[in-house]
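Each of the next two complexes has subunit A plus one more chain, namely subunit B in the first and subunit C in the second.
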Partner chain A sequence: MTAHDHNHDHDDEHGSELSETQLRVRALETILTEKGYVDPAALDAIVETYETRIGPRNGAVVVAKAWTDPAFRQALLSDATKAVATLGHVSKVGDHLVAVENTPERHNMIVCTLCSCYPWEVLGLPPVWYKSAPYRSRAVKDPRGVLADFGVELPKATEIRVWDSTAETRFLVLPMRPAGTEGWSEERLADLVTRDSMIGTGLARKPGELAQ
Partner chain B sequence: MNGIHDMGGMDGFGKVEAEANEPPFHARWEGRVLAMQRAMGYAGAWHIDHSRFAQETLPPQVYLTVSYYQRWELAMEKNLVDRGYVTADELAAGHALHRTRPLDHKLTLDVVRAGMARNSFFRQQQGPARFKSGDRVRTTNINPATHTRLPRYARDKLGVVERIHGCHAYPDSVAADKGDDPQWLYTVVFDGREIWGPDAEPTLKISIDAFEPYLEPHLEPA
Partner chain C sequence: MSRREIAKVIPGLPHDAEGPVFREPWEAQAFAMALALHGRGLFTWPEWAATLAAEIRNAQEAGDPDTGETYYRHWLNALERLVAEKGVADAKTLARYYDAWDHAADRTPHGAPIELRPDDFK
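After this line comes the complex of A and B, so read on.
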């Protein structure tokens, strides 16, 4: 990660100094509100949605169901948009979700080299590293090096398939189910499914890695 | 355009560093920027490809040194001004001063609460798909100064069609204000060595989602 990625202007709501960016954003919201283009209450609700309702747990539930329900797994792999829509408790999904399955022979990794395309509906907002130059530049050329940055090492023979999200298609990795989880409930399994395992920069947690 | 945003395969940016327990937003203003962008998109002020192109046209030294949501904010200002919704003197004043272009829709609380879905990018097909799964194709060698979704590293490369995603709005056309110009969209997969040469990781396969104009049939020599 380069220095600029740490260059966030941290709000200091109780302080008196406002950064230039804070002032610009505040001015913009004032202008757009005065013109009637935006409704601040609707903006609040959008922010709240991403802060509290949409996150990787949505995707983890999908993965856990695919691990336990072969018919759902098949439906997910053939049309992820349709399959995820059948789970009423997950946020609305756009038309272009594709799920790709990890196997012992193939590991999938998702990147957007041109910008930051990411399946918001099932994973929430992308982390800073996903949008950063180091990840975007290296994922397509040196994915094993990137995996090493995440502490992941795969067998030398495993095919590494990198999906560059260059259009409106959004990809969700279906990670491999860890051994030793036979008979687990979907809810318990979902605790093993990390955000990174659904991007392909990580693996699902093993039962022993769960916080007790 | 061959801009700094087209980063696939570049060296020198260093390690990927993940932040533990990263929050959705690192500052309140980031959430406001995201929300305004969504609201203006819903209102039909511009298309997502216009946002992307506006970011790509930021000077490279700016693109690389500002944060992600600062890029969004700068791109939003550019689209607001270029498309006649806000004037430069209004931005400087921090208030609305003029009557500007009206918008047909407005994102309301009710709409957000009902659950906003992503737009669909499917479009009515204009003709049959030129390629089918398994076809060998060569990507075109194009270098437009405008927006394109064919990354530099994947130009003039031999690949195989793996999936067909239907007809979609064509970003190269949309970003240039030339309409949807719907095109078939394919996942095309390349061997790592086709992209990076003989020293590439031998187990690497890379795919892009390629619009039909990016592809030419690869005819085997007789």
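After this line comes the complex of A and C, so read on.
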């Protein structure tokens, strides 16, 4: 439905111009608003929520809690949807959130080979590379190579498990807690948790890597 | 200002090395419309994901390098398709509003907010 054949006779000196895509979005929004399907104010609120309120920070809080609270860790690993909900995060899309735990024996990485499903409620919106075909195809075929591109080298003995997300099930990686963080508060630990470490294309920061 | 410094000023803003998650306002609008329609029950999330996946596949077959930059284009295609399939607005209606917005843009002085008026529909 992208082919719109129009003979534009724009006068750029005086008029305004909207791109083909902008026109399509405006057309759709106007129709949906007129028919009562959407409310422009509600759309703005959704954008604001996902752009600023929900972000990788939510996931970082979840991970830091799992690192310090064994009961929460257990709850997270058995039913992440429920455990995350107890922290008051919204989960409007998709049914299941599954947390997969990194160990010295196994490193987990997430991908959505079909359509870039992503654990939005804990990580916000996906980065561009997550949505790219090269990542989607290579993550499955050559996870170690992808990790190398991200600057991560794991011991040869560590198995790499790649989880393919679906509309029903999305994954969150529970990274390993860095050494030298004994006695740290949840808040301080959360600063070590990067978005990429929860996708599995990175590791949690070491204490020395924190910006001073 | 480095990325980490920005993150400190605006905590939780999901930036990455390649910039903000939405590159243009229309991407955010398209994103929000899908969530709003899903929230309203127009389609289920599996229906949405299947349609989006099909649009991505179509685009790839048509030669889209699919590097993530065009993701919200596929998203918009999926949205238009589902809205048509669910009987909310067919291609003809979409085209009529498209033309009306185009007309509104043409008659709006550069820099002024573009608003739709009844006489934009010819």
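The criterion applied here is as follows: the second predicted complex is superposed on the first by the 185 of 212 C-alpha atoms of A that agree within 3 Å, B and C clash if a C-alpha of one lies under 4 Å from a C-alpha of the other, contacts with A are read in each partner's own complex, and residues count from 1 in each chain.
Here is the rule we go by: a contact is a pair of C-beta atoms (placed from the backbone, for glycine too) under 8 Å apart; a residue touches a chain by one contact, two chains touch by 3 or more.
All values reported here derive from a predicted model rather than from experimental measurement.
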Partner chain in contact with A:Phe150 - subunit B first, subunit C second, else both or neither: first
Touched partner set for A:Arg57, first subunit B, second subunit C, both or neither: second
Residue contacts on subunit A - larger count, subunit B or subunit C: B
Which of subunit B and subunit C A:Leu32 touches, first, second, both or neither: both
First (subunit B), second (subunit C), both or neither touched by A:Phe72: neither
First, second, both or neither for A:Lys131, with subunit B first and subunit C second: both
Partner chain(s) touched by A:Val140 [first = subunit B, second = subunit C, both, neither]: first
Touching partner for A:Trp163 - first (subunit B), second (subunit C), both, neither: first
Which superposed partner A:Leu123 touches (first subunit B, second subunit C, both, neither): second
Which superposed partner A:Ile46 touches (first subunit B, second subunit C, both, neither): both
Subunit A positions touched by subunit B in one structure and by subunit C in the second: 1-2, 4, 8, 10-11, 21-32, 35, 37-39, 42-44, 46-47, 50-51, 55, 92-95, 114-116, 124-125, 127-129, 131-135, 166-168
Residues on subunit A engaged by subunit B in the complex (per definition of touch): 1-2, 4-5, 7-11, 13, 21-32, 34-39, 41-47, 49-51, 55, 91-96, 98, 111, 113-116, 120-121, 124-125, 127-129, 131-144, 146, 149-150, 156-169, 196, 201
Subunit C residues touching subunit A - in the complex, by the definition given at the top: 4-5, 8, 10-14, 16, 18, 20-22, 26, 28-33, 35-40, 42, 45-46, 48-50, 52-53, 56, 60, 65-69, 71, 73, 76-77, 79-81, 83-84, 88-89, 91, 93-95, 97-102, 105-112, 114, 116
Touching residues on subunit B, where the partner in the complex is subunit A: 5-11, 13-19, 22-36, 38-40, 43, 45, 52, 55, 64-68, 70, 73, 76-77, 80, 85-86, 90-91, 94-96, 100, 103, 106-109, 111-113, 115-122, 149-151, 153-154, 163, 165, 168, 171, 185, 187, 189, 195-196, 200-201, 203-211
Residue ranges of subunit A in contact with subunit C within the complex: 1-2, 4, 6, 8, 10-12, 14-18, 21-32, 35, 37-39, 42-44, 46-47, 50-58, 92-95, 114-117, 123-135, 166-168, 195, 211
